[in-house]
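Two complexes come next, and they have one chain in common, chain A, joined by chain B in the first and chain C in the second.
Presenting the complex of A and B:
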C-alpha cells in the first residue's frame, strides 16, 4: 500500500513510528478504540454467524413447517409465538437473516466492484470519452427514482427473482463511482503515477494495479453503506411484492403482520423489526467507525 | 445577458441526460418490456387479430421509430389509456398527482426544517452532549426502516391497541379538518424517517462551514451565537442544502409516496404506480417512469441555475 509517509508521532498520540506504520495500521488502531464501532462489528459478526448457521442447516430449518396453532402467544417452544397458519415466527425471522445477508453481500460486493472499476476508469480518463460516458450514465441512472427503476427492471425481467439484485446494483454503484472518480482525479497527478507512466507501464495496469488499490478505503466504507442500503431496500421491496418471492424475508413478515397488528398480534412485526433494527443499527455504527478511521480529512 | 447565456448552456447540457433517461425507460418499459399483445386480445385470437394488435402497439416498427414515438408521447403527455381501468393516463396523473403532493408536502417541509434546526443545535454544541445525543438519535432513526415506522405509527395512533385517534386507511381533503385527519399519521412517519438522514447531512455541512476562518473571525468580533449560526454559517451552507432539498423532491414524491400510499390506501400517484406495477399496466408505468426522470433532470438544471442566483461565487463559465 502506497500510503503517504507517516509522521513520527500521530496527532492523537497513536503508537509512534514503528517501521511499517501505514494508513491501515493507524486506521485499525483508531477503529479498535471506537467503542460504538467495535460493538457494531461484534453484533454484525453475531448476525453473520446466525446466517452461516442457516446456510449450513444448523438452525431455523423448520421455518416453513406448521409447528403449532394459529397465533399462539410467545412460549418456550415458540419465542415469538406463531403466525396465522401456525409457523414458528422466531425460526422465520432467523431464516430471514440469511436472506438479508445474501442480498446484502451480493449487492454490496458487485456494486462496489462496479463502482470502483467504472469510477477509476472515469477518473483516470477524466475529460475524455470514457469519462463523459460514465458520468452520463451516472446522471441518467440517478435521475430515475429507485423504486421506479426496480419496478421497471422487474417489469422488463418479467418476475425474475434477481430483478431486485440487478436494480440495486445498477443504482448503488453510482455513489461509490462518484467518490472513487474524485479520488482518482487527485491520485493521477501524484508522482508515483507519473513514474509509472515514465517507465512505460500500460495505462490499464496503472489504473488497476497502482491507482485502484489506493482507493480501497473508500471502497471499504462504501461497501458497508451499500450493504445497509441493500438490506433496507430488500425489506421494503419484499413487502411491496417486488423482492423475495420464494423464501422468507423480514419484509414478507411485516407484510403478513399488517393485518395481525390491528387485531392485536405483534409477534411477526416485533420479531422482524427488532432483528432488522439490530442489524442495520450495528452496521451503521460500524460504517461510521470505519469512515472515521479511514478518512482523516473528514471533519467530525 | 450573461445569466441568460449560462441558463441556455445548462439547458443544452441537459439534453443528453433527457435522452438518456427516456432511452432507459423506453428500453425497460417498452422495448424489452413484456409483450403486451395477448393482454389486449380476447381468447382464441385469429392471426389477423394478432397482427392488427401488434401493428397497433407498434411492434412491427423499427427501434428508432418506436423510440421517437415514446418521446412524442412524453412531450405531448399523451400515453393512451390504462390497460386495467381504461382511464386515459394523463387524466389519471392529473387526478392523482395533487393528492400525492398534498400528502407528502407537509412531511417533506417539516422533515427538512426540523432537521436544519437540530443540525444547527448539534453543530453549535459540537462534541458536547447535545451534539452526541442528537447524532446518536439520528443513527437510531436511520436504522429504523420506513416500513417499521409506518406499521408502528399505525399501531400507536390508529389501532385499538394504541390511541385510536386517526383512521387506518383512506383519504379525504374536502375540508381542513378531514385533511388533517388523514394526513397526520403519514406526515409523522415521513418526518420520522427523513429526520435522521437529513440531520446528519446538514450537521456535517454546517460543521464543515464552522471550521472556516470567516466564522472564527466573526466569533472573535463577538457576533452573538444565534446571529453567527444563521448569518455566517447557515447562509453559506445554502448550496449543499438547496441541492439536497431539490434532489430529494422527486424521490420523496414518488418513492416515498409509493410506500405510504400503498400502505394507507391513499389514491395518489404512488398508489397508482403500485397498482400498475402489480398488474403490469404498461401505459401508466412508462408515463410515470419517463415523466419523473425528465422532471428530475429539469430539477437538476434548475438547481444549477439557482446556484448562480444564491451564490455569486459560482462561475458563469
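Presenting the complex of A and C:
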C-alpha cells in the first residue's frame, strides 16, 4: 500500500487522521495530558455526583433533623460531629454542595449566554447604537458595588430565593461580554464574514451562526471562571444573610460557626471551609487547564 | 451584440476620511455582457476593488457611499436597493470571490458544512442532496478526493485548495456574474496558474460573466476577453485584450506594459518605470490625473479632463494617445 492511500483511509475505511486535527481535538488531547487539570476535573465530577445524589434524595436527606446532642465530636454516626442543636454537620455540608452547584450552574450558564450574545452583538455592531447601549450598560452595572447591588435586588425581589441569582447574572455577564466583544471585533474583519455578506447571509445569522461559534473557547473558559465566582459569592452572600434562606449553604454554616469557634468547636467551620476550598481549587485547576488547552495561540 | 448583463454608468463612490471626502471611484462607466470575462486592472488604491464591491452593494458604509451613477443588473438599478433586496441578489445572481483564501472560510466549520449551508438556503436541498452537490462542486473545481475533503476543516487545506473551495462556494448557486477580486494574488505562482485556468474553464462551463479585478497584467492576458485599465478612480482605457497588449493607447497602459520584465535579447536592460507618484486622491490635479507622470503631456492636459473616446477598437481617455503602427 502506498503512503497517501494509507493516510487517507484507516483500517475501517473511515476518514482517518485528518478529522482529529480540529482545535477541539487538539485541546482535548492537551487537556488529557494536563495532570493538575485532569485531577481537578475528577474532583469536580466527584462533587457533582454528590450534588446529584442530594437532588435525587439519595443522601443528606436528614440535614435539617436533630440527630444527636449538642456539639458532639466526630463519630461513626456523625462523621463531622453535630452542631449547637444536634444536627449532623456532615449531612449539612454535603447538602450544601448541591446548593453551590445549583447556583454555580444556573449563574454560569445564563451569565455566559447573556455575555456571549450581548458581547457578540456589541462587537459586530461596534461603533453603532447597539454597541453603545451594551457598553453603557456594562459601565453602569460595573460601577455599582456588587454587594450593594445584591442587597438592593434582594430587597426589591422581597426575599425571593432567586434574588442572588439575578444579582450575579446581571453582573457576571460583563467580563464575558467584554472578552467576546473584543474577539468579535477582531473576527468580523476576516474575509469569511465579508464572504458571508457577499453570499447574502443576513447580519444576525452572520453574528450567531458564523461568528459566535468562533468564540466558543472563550465562552467555555469564562463559564468555568463564572462558576467558581458564583460559588464563592453564594457562600459570602449566605454568610451575610443575603443568600440562601430556606436551605443549607456553606456560608450559613460558617455564619453558625462564628459562635462555635469561640467556644472551641470547629466542626461547622472546618467542614464548610474545606469542602469549599476543595471545590474551588479543583475548578481553578480545571479552568487553568482549559485555558491552556484552548488558547488558540498555543493550539494552532 | 446582446443586451449587457451589467451596465455601470457614471458611478461615483466617495469615502469620508478625517482629511476630507475622497472620491475613490470618479464617474466610471462600463458594460459586462453575458458569458464574457472583463478584466479590471490598475495599481493599489486606484478604485478597482471598491468598484467590484459596489456591484454587490458591499461598499462599507460608513465611511463609503455611492454618491452617484447607476449599476444596472439585467436592467434593474442596484444602487439604492435596501439590504434585504441586495441579499436576494447576492450569491444567487452575483457572487464574489475574495483575495485571501486563508481567512475567507470559517475556521470552525468543515468545508462541507459551509457549502451545504449555502446550498440548502438557496436551492432548498435536503441535507443529503446538499452534501452530494457539495462533493460534486468540489470535484468540478478540481479538488482531489472531494468526498474526503468535504469533511475537513479549512486549516487542513492548502492555500490553492482553499481558494478552490471559495470558488466552489461562489459557483454553488449558479450566479450569472462573478466578481473575482484578486483571486490568485495570495497564491504561489504555480498554484496561481492552475487556479486561474480552472476559473476560466468554469466560467465557460457555467456560462457566466466574470469581472476579474487584479493588478496582474499576466492574469488579465490569460483570462480576459476585454480589459479596463483604471488610474486614480477613473477608467483610462477600455480595449479588447489583444488590442490592449498589442497597441496600448493610453500612456499609462503603455507604461504598465513596458514595465513587465521581458527578455528580448540576451542583453540585460534596465526595466522601464513610470516616473513620479500616484497623486493624492485628496489633491487631484484639475486636468488629466496622469499628466504629471506622462511623457506625452500637452498644455491641454493640465486644464481639462479627458473623457473616454473611441480610438480604433479601444476607448481611451487621452488627448494625445500613443499610436502604435499596425
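Definition applied: the second predicted complex is superposed on the first by the 275 of 300 C-alpha atoms of A that agree within 3 Å, B and C clash if a C-alpha of one lies under 4 Å from a C-alpha of the other, contacts with A are read in each partner's own complex, and residues count from 1 in each chain.
We take it that a residue touches a chain if its C-beta (ideal position, glycine included) is under 8 Å from a C-beta of that chain, and two chains touch if they have at least 3 such contacts.
This structure is a prediction, so every number in the text was calculated from the model and none was measured.
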item: A:197 touches, of chain B and chain C: first, second, both or neither?; value: second
item: Touching partner for A:285 - first (chain B), second (chain C), both, neither; value: first
item: Which of chain B and chain C A:130 touches, first, second, both or neither; value: neither
item: Which superposed partner A:241 touches (first chain B, second chain C, both, neither); value: first
item: If touched residues of chain A are counted for chain B and for chain C, the larger one; value: B
item: Residues of chain A contacting chain B in one complex and chain C in the other; value: 300
item: Residue ranges of chain B touching chain A (in the complex, touch as defined); value: 16-17, 20-21, 23-25, 27-29, 32-34, 139-140, 142-148, 151-152, 154-155, 159-161, 168, 204, 207-208, 211, 250-251, 254-255, 258-259, 262-263, 273-274, 277-278, 280, 282, 285, 288-289, 292-293, 296-297, 300
item: Residues of chain C touching chain A in the complex; value: 56, 58, 83-84, 86-92, 95-96, 98-100, 103-109, 118, 121-122, 145, 148, 151-153, 155-156, 166, 169-170, 173
item: Residues of chain A touching chain B in the complex; value: 136-137, 139-141, 143-149, 151-156, 158, 232, 235-236, 239-242, 251, 254, 257-258, 261-262, 264, 266, 269, 273, 276-277, 280-281, 284-285, 288, 299-300
item: Residue numbers on chain A that touch chain C, as the complex places them; value: 8-9, 15, 18-19, 21-23, 190-192, 194-203, 210, 213-214, 216, 300
